[in-house]
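Below are two complexes that have chain A in common, paired first with chain B and then with chain C.
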Partner chain A sequence: MIHATAWYIWLLAALSVLLGTRNPLYLIVLLAEMALVVEALYAPTGEKLRAPVAPGRFALFVVPAGALFNVLTTHTGATVLLRLPEAIPLLGGPLTLEGLVYGAINGLSLAALFTAFTVLNLAVPIRDLIRLAPRAFYPLAVVVSVAVTFVPTTLRQIQEVREAQAVRGRRMRGLRDWLPLFMPLLIGGLEHALQLAEALTARGFASSDAPFDAPRDQGVRYGLLGALLLLLTGGLLRLAWNLQVWGWLLMLLGAVLFGWALRRAGRSAPRSTYRRIPWTRADTLITLGAALTVIPLWLRAGAARLYSPYPALTLPLFDPWVGLAFLGLTLPVFQLYRARVAAAGAAL
Partner chain B sequence: MIAFDRVTYTYPGATQPVLRDVSFTVAQGEVALVVGPSGVGKSTLLRCLNGLAPHFSGGTLTGKVLVAGLDPVRESPRGMSRHVGFVFQDPEAQFVMDRVEDELAFALENAAIPLPEMDVRVETLLHWLDLAPLRARALTTLSGGEKQRVAIAAALASHPAVLALDEPTSQLDPQSAKEVLAALARLNVELGLTIVLAEHRLERVLPFADRLVYLRGLEAPVVGYPEEVLPHLELAPPVAVLGKALGWSPLPLSIEEALPFVQKMAVGEGEISPAILPHGGFPYLTTEDLTVVYNGLPAVRGVSVALYPGEVVALLGRNGAGKTTLLRALVGLVHPQEGKVRLGVRNVARLDVAEVCRQVGYLPQDPNALLFADTVLDELYITLRNHGLAPEDLTLAPETLLARLGLADKAQTYPRDLSVGERQRVALAAILVTQPGALLLDEPTRGLDYEAKQALLALLHEWRSAGMAILLVTHDVELAAQVADRALLMEAGQIVREGTPGAVLATTPLFHTQMARLFPGKGWLTVQEVLRYVTSPNGGIAPRA
Partner chain C sequence: MKDRKSILLSSLIYLITNLVGLVGFFYPFFLPLLSADRAQAASPWLMTLLVGFCFVALLLEVQGDALNARFVALLGVLVALNAVLRFIETAIPGPGGFSPIFFLILTTGYVFGARFGFLMGALTLLVSALITGGVGPWLPYQMFTAGWVGATSAGLRVFRLEGRRGEVALLVALGAVWGLFYGMLMNLYFWPFAAGLGDQQWTAGLSWIAGFQRYAAFYVATSLAWDIVGALGNVLLLSFFAAPTLRALRRFRRRFTFIYQAEAL
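Then we have the complex of A and B:
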């Protein structure tokens, strides 16, 4: 079991490199490595657990779509592939190879980002998402987690409604054909939300021993108000009067007061936590691996990091050290594989 | 433990109360079964136990409810959550977490139970409901029965004295239902838990009940021991229907209670149905070595079946056996990896879904997904417009079809305001308006009361006589026995048995009807078949030879 914090650091590292480069070769390597992690996450569970949308399928859609959209709407670049009549609004003009490549890189970047979030979605249980929130925000965290679980439910519902309409003879040709889907989807979603709200109420969600009319903690109220005032005043001092030191000082005080108020509010919202996962050596290794992935890209990659097909289309450079460092993102694969072997051994 | 004293409850905006003058008591450790037609207030009654009615739904409640010495109206659902565990009809709709043990711990974390105690409680819950091997599993990967057991365990997390369940077996296959009910019986005996459940499938739950609450709408409810209330019920399990017909007293509630009566009877030899009925003519719909992969797994594997005009075929199997995927493949909603589906001689893969569905009506499990128009009649006209048809093209006008389905007076009603059974008939009308030659029904009796089920049975008989080919996916073996000409048994994506219902249902223990269990080896499935052999010509009971 990999610790949730290790996964969040892994995601942070993955996002840093993905947002820090436009080199298609690096993006392809990163995408392939993260796809490996997704596969490793599927395999050891032996369950029919699947992401709502497979990252591979998403990449197959978004890369060509990105390329097509860009080539049709951006008419700059030296290598003209085709010319559409200027009379066609937006689309008219030269279609260039540079525009096509730039759009494909956009798509590649999006696909890699999607894969990184898919990893987090598959790896981190909702429980850990809730635990990250301050105790005072627990009900809000549950609502967020419910919203997260709502995504696959809604996707399944869309599929059901679409099929139900298809069996009544509706052909999905244009946007207008999708409109009738909206009403059953909306009603179904509201019905589901009501059912869940009822279930949460029946299970005593957000209940406490305190009676309804118990006095509110005035300390929390004044603390939050004071923190807000300090933050605003600090910001104003910095921006309006350029009093940087005083500004920062007040903002720091505001942040401390905010933290104190949250902590105090958390104490009045009692909650216990079921089984914290211990931090292991493997978690440290994964964290270090993820952190090391980022450094060479910023230190060594130079111009290769921010590749652009403009003004002239060239082949992107590939720094093998940077490529090697990216392997740090695959460390979870080894840990997941080890866990699988250990589980198989225990089963025997 | 539970006392209802002249309870009347009216939903906001309603002109009539849904519960009227309901009074009954349930002692600690009893199992109370709430029965009655759809819309009569069974779920509302359960919601009165923990204050969801009126706190969550609004409305007015008069009279007095006491549960574990507390007044749910005063305590509110939050306060009652420690005393009443509640399991809703659809377990998936109530899950908050994504893994089994996290779901069980959710209520405990919420109540700030210290970790050592929480550990003990979660382990106990896992043990009670036989969930220990599933503790780390994602909820989405569980079967229907497993999900229902998780929902029950989660409801028991706060150690309530009362457990309320709303149709806990309505979505389950016979084996899963048996597992869930066995778990409930164990909890009732070992923990002295008071259980109140609403259920339509009486043949499954009646043997467990200590008390019956029969809600009758405008008439006063009948409450008492099962043997006292049973004679009042139209909806009686086959074993009780047989008991009534043969004058058994007291009426048996289970196979075990009926066996002593059977042992005193003279029972002739039945006619074992032939294994396979010969078919004439050309099949309407066929599959040839069909293999369909769904979610990366082969859900249908090498299935070859044929559906002929003028027959009803029941497709049975456990949850996840691949039945729904097979239906979806038959109308082209999923494409086969191998093999073919043929509509007449045409390959379905080469046809548009809409084109297939003009000739093959398909009613999915949830009819709500089909309904979106403002009125019932509009639903039918929208289908016609989708297919490019005009009412003049049809031999049966939409209004006539609605009348045949008993919906003539509902033509201008908003479909989602109707009862479950009525909504299902509207959905049926919406797909049948094109007058297809075949009809595929996926669990059509889910949530239907006795009357709605009988109405559906009559319609199926009528359509079969008119030459329609009908494929019925169901867990309701009693229904399959009554209506099917042929039965198919599906396991792990394959058809493992095929033949007459007598040959398939009577020889597959998991799908035995009550009569098949009562008279093993005879090939009898329904009360009518049994009565044919065990009564003398003058209607009396034949003496033992």
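Then we have the complex of A and C:
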């Protein structure tokens, strides 16, 4: 099993290369590599994806849709394919090849971002996502845990209420017919909440009126305020006065202070770890591979990184070293297949 | 009782985080007032970073002020119910921008207050993203905006219409406004990233009037019809369901006021 933190680092690396380039060749390579990871995650169980739309289907929709939208609304570029009458509002004017390509690149970039997040959604179980929340957010993590635990109960309750209404001969035809379904659901949920609150109070969980506020020292608030002011001032220095170095310095200080405030706020939150997930050599390799993916793109790619089809379409450049470095993102595939082979061997 | 210093610090955090959140959404319109050089090209990333920090600070402040065992249980169960509604909507998509989740965010915010409404909005989006696999770069913005939906509904209490006829009309009006405004705000977060050429796209150095005109053209062309359906959905749901829902929520608000007295044992 790959550690959730290793997946987060993988996602950060994927995002930084995806958001850092507009070169369609790089984007296609990255998309193909991430599709491999999705496939490796999907293959073992053959279960339905825990994503509203499969990434391949999303790409098939968003790339042509992006191209069509851009070519119809952006009338710039040297290679005119067609002219729509100027009288048509928004759409009238020349339709260009450059507009088409630019829109397709937008779609490609969106599809790749979507695939990167699909990997995270598939790879990391919900309980591990909640577990990674900083200790300072302990109360909210409890709320999210309660909510996630109650989702199956609520779905079951919907089914029970629907069956009860069906037995009485009630059909769902108009919006008004949903009220007899919704109200028992809401009141049943509130009754559950009341029982849960009593159970939590009886076990001594946060039984006073503002238990998480009372013992909190004001240092956290001072820290947060100071951090926000430093971040804001740094941002303003960069944007309004173009003082890049001072701006970055203040923002860095703000981020450090912010981290300190979060850490201090987390000290008062209790946390018991019953099963610690080990960090393995494979996790280190995946983390290093992800980090190595990022560096060549920013150091070497230059003009190839920021490709634009305007004003006249040209072929994008492709730096083979950058393409090779992108392979770092495929390391989870090897680990996933290795784990599967090992599991199959153990089963035999 | 909280002391004055604590209230002042808390208010300052609320003020700064919400202001920066608003600035983070609306900066494409007024950035040229600050600067007209090429540093603006990097501004979307900077603003995303600032909004992220502010959202985290706001969550930290809200949770500390509000949560106890009753609050945790009530919020957790209502968030689960709303996340299930979004789950059903994902499985069986409604027409256009119709989404059933705002109904419960608006009514709970109105009955239980701004903090509850903010957390109800933000956590509904988080939990539903977790169960439907919808975690993505859009999530913090969705959480921030849905949080505002819940927090603003508590503002309707200043009209002191609780339990009277006019309160449903007020909620319906707010639901209609948010139906349009939610989409408008959510478009703003990615509009500068989709920058390129064309008379609907953001480019660095635009005056606020030109930026507004371009955004208006972009919004009308891509989202207005979608959001009108969303607003109509909110209006219909609130018109039909708000009155009985508010009665139920108020009844349980009274039942949730039990007090734990350790010394009585």
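One rule holds in what follows: the second predicted complex is superposed on the first by the 204 of 348 C-alpha atoms of A that agree within 3 Å, B and C clash if a C-alpha of one lies under 4 Å from a C-alpha of the other, contacts with A are read in each partner's own complex, and residues count from 1 in each chain.
Please note the rule applied: contacts are C-beta pairs under 8 Å (C-beta built on N, C-alpha and C of every residue); 3 or more make two chains touch, one makes a residue touch a chain.
Being a predicted model, the structure only gives us computed values, none of them experimental.
Applying the stated contact rule after C-alpha superposition, one finds that A:T201 touches each of chain B and chain C. When the two structures are aligned on the shared chain, A:A291 is found in touch with neither chain B nor chain C.
After overlaying the two complexes on the shared chain, residue contacts for A:L327 are found with neither chain B nor chain C. Applying the stated contact rule after C-alpha superposition, one finds that A:L317 touches neither chain B nor chain C. In the overlay built on the shared chain, the residue A:P184 is in contact with chain B alone; chain C does not reach it. Touch criterion met: A:R127 reaches chain B, while chain C stays clear of it.
Looking at the shared chain after the overlay, A:L68 reaches neither chain B nor chain C. When the two complexes are overlaid on their common chain A, residue A:A164 makes contact with chain B while staying clear of chain C. One of chain B and chain C touches more residues of chain A, and that partner is C.
Comparing the two complexes, residues 49-50, 126, 142, 145-146, 149, 153, 183, 187, 192, 196-198, 200-201, 205-207 of chain A contact chain B in one case and chain C in the other. Residue ranges on chain A touching chain B, taken from their complex, read 45, 47-50, 125-127, 142, 145-146, 149, 152-153, 157, 160-161, 163-171, 180, 183-184, 187-188, 191-192, 195-207, 270-275. Put simply, chain A touches chain C in their complex at residues 15, 49-52, 69-70, 73-76, 90, 99, 102, 106, 113-114, 117-118, 120-122, 126, 129, 136-137, 139-140, 142-151, 153-155, 158, 175-176, 178-179, 182-183, 185-187, 189-190, 192-194, 196-198, 200-201, 205-213, 216, 218, 220-222, 224-225, 227-229, 231-232, 235-236, 238-242, 244, 251, 254-255, 258, 262, 265, 310. Listed in rising order, the residues of chain C touching chain A in the complex are 2, 5-6, 9-10, 12-13, 16-17, 20, 31, 34-35, 37, 39-40, 42-43, 46-47, 49-50, 53-54, 56-57, 59-61, 63-70, 72-81, 83-84, 87, 90, 119, 123, 126-127, 130-137, 194, 196-201, 217, 221-222, 236-237, 240-241, 244-245, 248-249, 252, 255-256, 258, 260, 262. Remark: chain B residues 50, 52, 55-56, 77-79, 81-82, 84, 86, 88, 90, 92-99, 101-102, 105-115, 118-119, 122, 137-138, 140-141, 154-155, 157-158, 295-297, 328, 331, 333, 352-354, 357-358, 361-362, 364, 366, 368-372, 382-383, 386-387, 416, 430-431, 434 touch chain A in the complex.
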